[in-house]
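Next come two complexes, and both contain subunit A; in the first it sits with subunit B, in the second with subunit C.
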Partner chain A sequence: MSELDAALTVFAQEAEELLTDMEDALLSLESKPDDSETINSLFRAMHTIKGSSGLFGFNAIVGFTHEAESVLDKVRNGERGIDAELISVLLNSKDHTAKLIEHCLTQKDAALPASLAADGERLIRQLTGRQTTDMQQSDDSAQLEIEGGGEISVDDNWLISLEFQKDAFRNGMDPLSFIRYLRTLGEIKQILTVASEMPAGDDMDPESCYLHFKIAFQSDANKQTIEAVFDFASDDCDIKILPPNSKLEEYVNLLNAQDDNHVNRLGDMLVQVGALTQNDVNHALQSQQANIDSEQAVPGKPLGEILVEQHVVQQPLVDQALKKQEQTKQKLASEANYIRVDATKLGHLINLVGELVISSAAMTLIVEKHGLSDAGDVAASMNALVSSIRDTALELRMVQIGETFSRFKRVVRDVSKELNKDIELYISGGETELDKTVVEKINDPLTHLIRNALDHGIESPAQRLAAGKPAQGTVQLNAYHESGHIVIQIADDGVGLNSEKILNKALANGLIKPDHDLSQQEIYNLIFAAGLSTKDQATNLSGRGVGMDVVKKNIEALRGSVEIDSIEGEGTTISIRLPLTLAIIDGFMVGTGHDRYIIPLSMVDECIEMNANECEIDDIQHYINLRGQVLPYLRLGDYFHNQIADSNRKRESVVVVKSGQTKAGFVVDELHGEHQTVIKPLGKVFERLNGITGATVLGDGNVALILDVQGLIQAAIKNKSRPAPFLTSQRIQ
Partner chain B sequence: MSNLIRRETGHAVAVQEQVGQYLTFLVGTESFAVSILDVKEIIEIANVTRVPLTPDYIHGVINLRGSVVPVIDLSARLSRHCSEVSKRSCIVLVAVETGEGSQLIGMLVDEVREILEIPPANIQPAPDFGTDIRTDFIQAMARVDDVFIILLAISRVLSLDELSLLSDLAQSQDHLLANAD
Partner chain C sequence: MQIDLANVTEIDSAGLQLLMFLKQEAVSREIGFSLTQHSEAVVEVLELLNLSKHFGDPIVISADWKSS
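What follows is the complex of A and B.
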C-alpha cells in the first residue's frame, strides 16, 4: 500500500466518523435548535471534510461541502435560523457527501455521474434558497445597544469607550488630544459624548473631567496598537476597546487554528489571537480577585464573564475560546487514551490468549499429576495471571453499544416520516459494553426489529388518539447487563400482539395442532417460525413475522436468545439476550459417564446433591422439589445417549441452571469445577445441533462440548415436565 | 462453490490424461479409494469425544492441533455397521469446500492400505446399480489387478449440507422417541 493509499484510508475513515457525528448533531438539533455547540460541530464536520478533500484534489466534494459550509457558517453566526426543513436538507446533504466521497474513493478519475451531480445542485439550491431574506434580519440584529444614550453601529468598527476620571485634567490629560491622535490610525465614524455625570450648575468644577466618550472607530490596526494610543491615560481613564464584529470571525478562525498541543488559559488564548491585550486581562483578573476578596462566600465569577461585563470582548468570542479550550482538553485526553489498532491484530492476540489459556490448563494438569508441590504454587500464580490477561484481552474488544443505538435515530426519523407517524426513539443504557464482533452482527437483527416496531407496532396518530393514547408513539431501546449476558430491549407502545390471530394462522399453516396446549409465551414465539412469514399473512397479523425467523436465527448464531412480551393494545417488548463475548467464557465442567461437558458459569445457579433429603425424587415426572419450588430436570447422560437408567447410580449431583426467568436442573455424575473455556466452533456439520453450542480443548488435549443451556431447558420442559407449564410463562402476567 | 467445480473438473482432467494417485483403505473388508489430492493428512485415532444427539455416522470430534474437527464414521456413512475401533484404525483428514472456505473433516477408516497409481484406462464410470452403497457416493470404479475398487466422491460422501441436515433429522427422531415413552 502506497503512502497515498494509506492517507486515503485515513481520509475515508475520518470522513465517515465526521459524517456520523454530523448526523448525530443534526438529529439532536431537532430537539434543541439553539445549541451553538452542536451547530459548530456541524460546521467543523463540513469544514474538515472540505479541507481534506481539497488535499486529495476531490473537487466535487470540495465544491459541495463549501456550499454546505457557508450555509452552516451563517447559521453559526446567527444570520440564519435553523428549522426542521433546513435540518432535512442538511441530512440529505450529509448523505450526498457520503456518496460523493464513495464515488471519489472508488473511481478517482471518473467524472461525477449525472444523477449525483443533479442531486448536488438541487441540494445546493435548497441550502442557499432562502438565504437573502434571512440576511436582512441579521443586519438589524447587529446593532448594539449602548447604555448612556444613543446607538452606535458596530458592524465594522471598533467600539472604544473612554471613561476619564475627574482628575484627568489635573494630571495633564486632554481627552481631545487622544482622540485626535486616534485619527492617525484610522477613521472615527461616530463619536458619542456621554455627559450623564455632569453635575448641575454650581457644583461643576471646571477643572474636573465629567465627560465620557464612545467612539466608533474604523481601522486596520490591531487592538494592541489602538490601546497604545491611550497608554499615557491608562491611570486616569477606564479604557475599553471592543473589537468590531467583522474581526470576530477572524478571531474565531484564529482561535480554531490555535495549536492543539497544550491547554492554554482563557486569557492567554484571547490575547494570542489579538482580541484582548494583556492589560485587559490583568484588569479583569484584578477585578476577579477583588470580587473574591469582597464576597468570600460567593465563588468568583469566571474570567470570561468579567471580560464580557467589562465590554472588552464579545460574548461569542469568549464562548468560542472556552469551547476551543474544552476541545483541546478533550483532544489531548483522547489522544492520550486511545490507540487505533487493526482489528485483525486484536483478533490474533485474542486467539493467542486462548491458546495460552489452554496450555496453562495443561500445565496445571501435569503439575497435579506429578504431585510437584513447589511447582504448584508457580502454576497457580501463573494461572491467575493468565486469567487476568484473558480478561484484559477480551476487554480490548469491548465497545459501548451506544453508537449502534444512535444510528437508529435516523432510521426512526426516516421511517416515521415515510409512514406519516409521529414516533420518538428513547435510548438508554448506551454505555453498556459488549464484544465488537457481537455489536457488528447484532446490527441487522436490531434494524429489522425496530423497523417492525415502527411499521407494524406503532399505530397511526389517528388510531392512537382513538385508542386513548398520545398521538406520538414511542420506541425504546435499552441495554443492560444481566448475569454474563447483555440484554437489549426494543419496546414499543403500539398495538401489541394478538395471540388469537397468531394461533389461527399457525393452525392454518399446520405449525401447531389444535390439541396443542400452548402458553402465551409459546404463542408469541410462533412469530419467529419461518412458516408465518409470508407477506399476505403478515398484514393480517399486523405484519410481524416477516423475516423474523432470520432474526431469530442470527441471534441464535451468536448464542443468544429472543423473548417476546406483549400486552394487546399496549405494546410489545422484545428482549434479546446475548453473550458478552464470543471467544472465551468462564465455564463449569461436569461429567456424565466418560463424557465431559462445559456449562457456561454465568448460567449456573447452584449445585446440589441429588440424594440430599430436601430433594424429593420423582423419577417418573422428572422434577424435584427445590426448597418448595418445582424444578424440572434432565439426566444429561440419558438424554444425550438414550441410555437406560442405571438402577444403582452412584452419587449424583444436580446443577441448577437458569436462563432468563426459567430454571432447570441437569443431573450429572461428576462436578469438575470451574474451567476457563476457549470456545472453538463446531463447524457447519453441527450447526443445526440443539443442545450443544460449541466445543473446547481441555488441558489433556481432549475435546469437551459446551452445552446450550437455553436449548436444553426447552427440551427438558417440552419432554418431561408438562406438570410445570408456569415455568415457561412467568413473565406473562 | 466455484472452487468445488474447479476441483471436480480438475479431477476429470486427471482421470483422462494422466495417471492419478489414489489412497486406498479398508472399510470393513472392502477396499475404497480417494484421490490423493483430496487427502490432507492421515492420523492415528486418538481420543474422540462423542457428540450427543447425532446419527451413528458422526463418530465424534477430535482435537487437531487446537482446532476441533468432526470425524465421520465412513462405514456407518456407507450404510454399514459402525466401525469397531482397532489398532489399525486411522482418521483420514480431507478438506471439504464450504461457502465460506474449506473445512477439515476426518473419515474414520479401518485400515489404510497404500497409494496406487491408476491409469485412466483402468477407470470406468460407476454402474447404475449393483453396488450396495448410494450411487452418488461413487465417483468411478477403478480396476486394479482384476479387482474393482470404488473411488469415493468425497464432495458427496462428506457433503456438509447433507451431514448437518441428517443430524437434524436424527435429533427430531430422538425427540419423538423421548415423547413416545
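What follows is the complex of A and C.
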C-alpha cells in the first residue's frame, strides 16, 4: 500500500508540474500561436497525464485528457488552427484536469460529482465542437531548389563554384593549377568558365583576374578533402562547394545517427556529418554578423538560411538538421537532468556545511594562535575549499525565480478579464536565482502586490484613454541582483498613489497625528500599515485594508524590506529587497566592549575612524559629517546597553552601512574583519528583539549577534538623541 | 585578326584570360577573330576549362602530341 502511495505522490507531483508547464505554454501561445515546440509540449502534457492516470485506473482523467489530447494532436498536425477561444478552452481544461486529479487522489473510489462531470462534458463539447473551420495547411511539398549550377547537372556531382578575386594573379595564384590538382581526386564532369565581369577596352587590366569557374565534379572524396584542394587559394577566392544530391541521403542518415545527448549548434551538426566544413560555417557566421551590424533593426537571418543562400548546403539537409536539433532538445527536455532530492536532506547538508564553516574557522584560529606556519598553508587551502563547498551547497537550493513569475501570467489574465481591464504582464530577470525557501515564502506577498496593482493601480481602459495613456495597462515584474540581495520590482503604469488621500485616511484612522511632518516616502509607506485602504469600495480582490501589513510582515520575516515609489497619474513601483539566502552569509565582524556583532558584508559601505577633527561629530543630534554628507550614527554599545567605562572610547571606528538609498554609521570599538557567518536563528524568546536578526557561533566558541541593519538604520535616523533600549516597535501601527 | 598559337609552349590563366578578352573585344567591335595552329599546351588548357567551344575555332590535333 505504501508503495502505491509513494507512486501516487510522484504522480501528483508530476501532474502538477506538467499542468504548470501547460499553462505557461498556453499563455505563451497567445502571443506566438505558431510555435510548434509549445504545441508539442501541450500535447505531451496531456498525453503523459493520460498515460499515468491510466496506470492508476483513474478513468475519469483518462477520458477527459484523451479528448484534449486528440484536439491537440490535430493542432499539432496543422489540421486545426489555434485561436484565443481554443486557448481559453484549453486553459479551462487544464484547470478541470487539475480538479479531476485532486478528486481522484483524495477520494479514490467515490463517483465523480455531478458538477465536475458536467463541466467535463461541456469542455469536451467546446474542445471538439468546431474543428473543421480552420483547415489551414501549408504546402509542404518539399521543394528542392538548387540553383547556381547554371546548365550543369547536379545529380551525382559536387558543385564547386570558384570565384577568384581580382588580386588572385598578383598573389601568384593560377586557377589552372587548382583545377588540374582537383582532377587527381575525381573526374571533372563539366566545367564552365565565365569571365562575365571582364570589363571592355582599356578598363581591362591583364594582371587582374576576372575568371570564375563552375565545376561539376564526381568524386568519392569528402567535403573536407575537396575543400583542402583550394586551401591555398582561400584568401583570394570565394569557394563554394555544394555536395551532390546523392550524398544527401547519407548526410541525413548520419544526422539521425548523431548522439542526441546534448544539443548541438546547427553548424556543428552539419560539420560533423561532413556536409559543411568549418570554413563554410565561419564564413556564414561572419556574414550573419555583418548583416546584424549593418541593419540593426532587422534581426539577423538564421544560419541555415544563410548557408543555403551561399550555396554550400542544400535546403533539405538544413531542414533535417534543424529537425534533429529540435528532437534532441525535446528529448532532453523530457528527461530533464534533474535528481529529485528530499528537501530535508538538502537542509541537513546545508546545516552540516554550516558546522564545517564554523569548525574550519576554529581551526584557522588555533593555527594562528600557535603560530604553526607549516599548518598555515594547509589551513588556508582548506578554508578556500570550505568556502567553495559552502557556495556550492547554497547553490543547490537556488532556484530561478522565473517559474514563480510566470505563474502570475495566469493571475493577470484572469483578473484583468474579471475587472474588464486590458492588462499585459511583462516579465524580466526570470533567470535571477534565489534560495528556494525564500521563493516559496515570497509567493503570497507577490500575489498580493500584483492583485493590488491590477485592482487599484491600473485604471479601466476608458479612464486610461481619457488620461491620454494607451488602453492597455502594463504590469512589470522584474528581478535582479544587487549587492548580495535580490530585488523584485512590481511596476504598473496606473494611477499611482494619491498621497493626500493616504494622509487623510491615516489621520482618520489615527495612524498619524496632524502635526506629523512626513516625507513623501513615509506617506507611501503608510499603506503598509494595518487597516488602511484608499479604495472606497472593497472588492473581492482587494481593498479591505488588510494585506499590505501582512505583505510587509512576511517580507520582513525574510530579512527583506519593501520600498514604494510612485508618481501620481503615472504609476507605482514596489521594490522588494530580499537576502539571497537564509543560511550563511559573508559577515563583517565588529566589537564593542566584550561583545561581537556581525554586519552582513554586503551592506557595509566603508569604515572610517571616529575622529572629532575630521568628522565634526554632533554628539547631541548624533550626526557626523561624512565628506559633506549628513550621516546619522548609532553607538552600538549604547544601543545594546553594554557601556564600558568611557576610557574605551578613545579609538572608535564608524562602520558606514547602506541599505537601499539610506546610510547610517555604527560606532564600534573594534573592527575584526570579514567572517563567514552561519546564521543560527534566535529562539522564540528573542524573536521580538529589535536590531538583531540572528546569532552565530564563532570559531572560539563565543556567540556573535547578527545585526538587523535595516532596523538599526531606522533607529539611527529616528532616535537621534535618545539611546533607546531595545526599541519596541518601528512599525507604524 | 588571327593569332597563331603554334609556338606557345606554356599558357597560364592570365594568358588564357587575355585570349578571352581579345575575343570579347573583337566580338564587340565586329572584327573577325580566330586562333590557329593551337599548340599542345593551349589545347590542354582549352580542354581543361571547356573553352574550345567558346572560341569556336577548329583545332588541329597533331600526331606528335603525347596525349591530352
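The rule is short, and it goes like this: the second predicted complex is superposed on the first by the 486 of 733 C-alpha atoms of A that agree within 3 Å, B and C clash if a C-alpha of one lies under 4 Å from a C-alpha of the other, contacts with A are read in each partner's own complex, and residues count from 1 in each chain.
One rule holds in what follows: a contact is a pair of C-beta atoms (placed from the backbone, for glycine too) under 8 Å apart; a residue touches a chain by one contact, two chains touch by 3 or more.
As the structure is a prediction and not an experimental result, all values here were calculated from the model.
Trainee: If you stack the two complexes on chain A, which partner ends up touching A:204: first (subunit B), second (subunit C), both, or neither?
Mentor: It touches subunit C, and subunit B stays clear.
Trainee: Scan A:471 for contacts with subunit B and subunit C and give back first, second, both or neither.
Mentor: Touch partners of A:471: none, neither subunit B nor subunit C.
Trainee: Once the structures are superposed on A, label A:508 by its partner contacts, choosing first (subunit B), second (subunit C), both or neither.
Mentor: neither
Trainee: Could you look at A:191 and tell me whether it touches subunit B, subunit C, both or neither (first, second, both, neither)?
Mentor: second
Trainee: So, does A:567 touch the first partner subunit B, the second partner subunit C, both, or neither?
Mentor: A:567 sits against neither subunit B nor subunit C.
Trainee: State whether subunit B or subunit C is in contact with more residues of subunit A in the superposed arrangement.
Mentor: The partner with more contacted residues on subunit A is B.
Trainee: Touching A:180, do we find subunit B (first), subunit C (second), both, or neither?
Mentor: The answer is second: A:180 touches subunit C but not subunit B.
Trainee: Can you name the residues of subunit B that touch subunit A in the complex?
Mentor: Within the complex, subunit B contacts subunit A at residues 46-47, 49-54, 58, 61-63, 66-70, 98, 103, 105, 160, 163-165, 167-168, 171, 174-175, 177-179.
Trainee: Given the complex with subunit B, which residues does subunit A contribute to the contact?
Mentor: Interface residues on subunit A, with respect to subunit B: 355, 358, 595, 639-642, 680-692, 695, 697, 701-705, 715, 718-719.
Trainee: Show me the residue ranges of subunit C that touch subunit A in the complex, using the header's touch definition.
Mentor: 12-14, 16-18, 20-21, 24-25, 28, 45, 48-51, 54
Trainee: Quick check: in the complex, which residue numbers of subunit A touch subunit C?
Mentor: 169, 174-176, 179-180, 190-193, 195, 198, 200-201, 204, 206-207, 209-211, 213
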